[in-house]
Amino acid sequence: MRRVLYDRKVNFYETDAQGIVHHSNYPRYFEEARGFFLEKINYPYEKIRKELNIDIVLLEIQVTYREPLFFGDRFYVEIILKDIDRFFFTFEYNVLKNKKTISTGKTKHCCLDRDSRRIVSVPNIISNLV
Amino acid sequence: MRRVLYDRKVNFYETDAQGIVHHSNYPRYFEEARGFFLEKINYPYEKIRKELNIDIVLLEIQVTYREPLFFGDRFYVEIILKDIDRFFFTFEYNVLKNKKTISTGKTKHCCLDRDSRRIVSVPNIISNLV
Amino acid sequence: MRRVLYDRKVNFYETDAQGIVHHSNYPRYFEEARGFFLEKINYPYEKIRKELNIDIVLLEIQVTYREPLFFGDRFYVEIILKDIDRFFFTFEYNVLKNKKTISTGKTKHCCLDRDSRRIVSVPNIISNLV
Amino acid sequence: MRRVLYDRKVNFYETDAQGIVHHSNYPRYFEEARGFFLEKINYPYEKIRKELNIDIVLLEIQVTYREPLFFGDRFYVEIILKDIDRFFFTFEYNVLKNKKTISTGKTKHCCLDRDSRRIVSVPNIISNLV
């Protein structure tokens, strides 16, 4: 499984004085979606951190905002695991409101050993998904 | 010195859809004011963490909101070190806009050893201030 | 109904360098719990804002932190509507982890007309609950 | 003037359980840098919002993270106004620590009339800078 749909509702504290969700919350929504993705493959991030002793690090993020989210909106983040090579992997995101894509995103990651802080291979639990 | 004035401007991302600063930012402003206070006594928090190997922990917080802050507002946080005993100390805060107190607050703290996570005496650099 | 249990999981972005949930997130958890409470009485806050043209304003907050929350923790916020008079009402909160109260809180509110920004009576949908 | 250097220190509440600044804060640092840029050209954003009745909207953001920021770090955001056409403009960002670029970013913007929410030409105060 490489594609998961994460369901979310806008919190009031995520809005700004333009009356919409502040753009800095989308990286947080994406992180929540990644967490949900890892749960769905039965390897929640807290388990990865403890059992494999690795941190998943974010190297790059891109977000495109087409239409805003408002307080009270229910939306979905479709998260798709894309390219994986030995050290890097990528997720793509579609933010959906009323079945319409209102925002898209992309993040690139690698894994660090939590003690040495050195890069390690992408763990099998992720690389095996492709 | 037990009283310091911390100068700040509202960031746009701190506002909400009511057009004002969201209340959850005041605990952050207070934390910044505490950091500024520790800098003024020449013991910035990062130095305390490293040299004394302690974390300053927050045990209680109270905030009263009388008038709101808006985007672009310049304001001051007056921070005052109050009661100190062996294990606990308290800060009080006045948020000032145009020389008027628009919000007040109070926080109670103790110190933990960063390794054992056990409570330790308030360090001299703080207890000596009273 | 005056008591509701709100279910939540800690997000990674809510943690800080002490390895625990930063204290400024508890006011946000309480706001989420209030939103959930209003949903449960079939009057979600976005409906209150639009239909009654009022903003619910936070006047005071208190939080006491006994034990921390960590990344990945599942917890509950028990929210209880307490005192109500003509203009003010109060919520109390218990943060529960493994059936143990690890944090408590209290917030005081009033309602403002969204146009005039003047205080208005607590709406019946809330005052009738007591 | 199209290039400004914005000076900042990491706040504790911006760190996460990896011990570094959480990536979602960089879009906020960039927003602060844009605010500082607008101040330097004597047109702070709150003045733009009020006098020109426009909101500056963010359409796209990209951030690349090379090395982390830690609690207590002092850093600079170099912000450069790049391409401008009738409706869109772009900023580029370099995050500098100890004179080394540790992160880069890019944001694309347009302007909306605050009442109609329709796109309007980039105001002269910005387009004249190129």
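Per-chain residue numbering starts at 1, and chain names A, B, C and D are given in the order in which the chains are listed.
Rule of thumb we're sticking to: a residue touches a chain if its C-beta (ideal position, glycine included) is under 8 Å from a C-beta of that chain, and two chains touch if they have at least 3 such contacts.
Everything numeric in this text was worked out from a predicted model, so none of it was measured.
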| item | value |
| --- | --- |
| Between A-C and B-C, the pair with more C-beta contacts | B-C |
| Farthest-lying chain, centroid of Cα atoms versus that of chain C | D |
| Centre distance in Å when chain C and chain D are each reduced to the mean of their C-alpha atoms | 33 |
| Centre distance in Å when chain A and chain C are each reduced to the mean of their C-alpha atoms | 27 |
| Interchain centroid distance [CA atoms averaged], chain B/chain C, Å | 23 |
| For chain B, residues contacting two or more additional chains | 12-13, 24, 28, 31, 71 |
| Residues of chain A defined as touching chain C within the complex | 11-13, 28, 31-32, 35, 44-46, 49, 71-72 |
| Chain D to chain A touching residues, read off their complex | 18, 23-25, 27-28, 31, 55, 57-65 |
| Residues of chain A defined as touching chain B within the complex | 12-13, 15-17, 19-20, 22, 24, 70-71 |
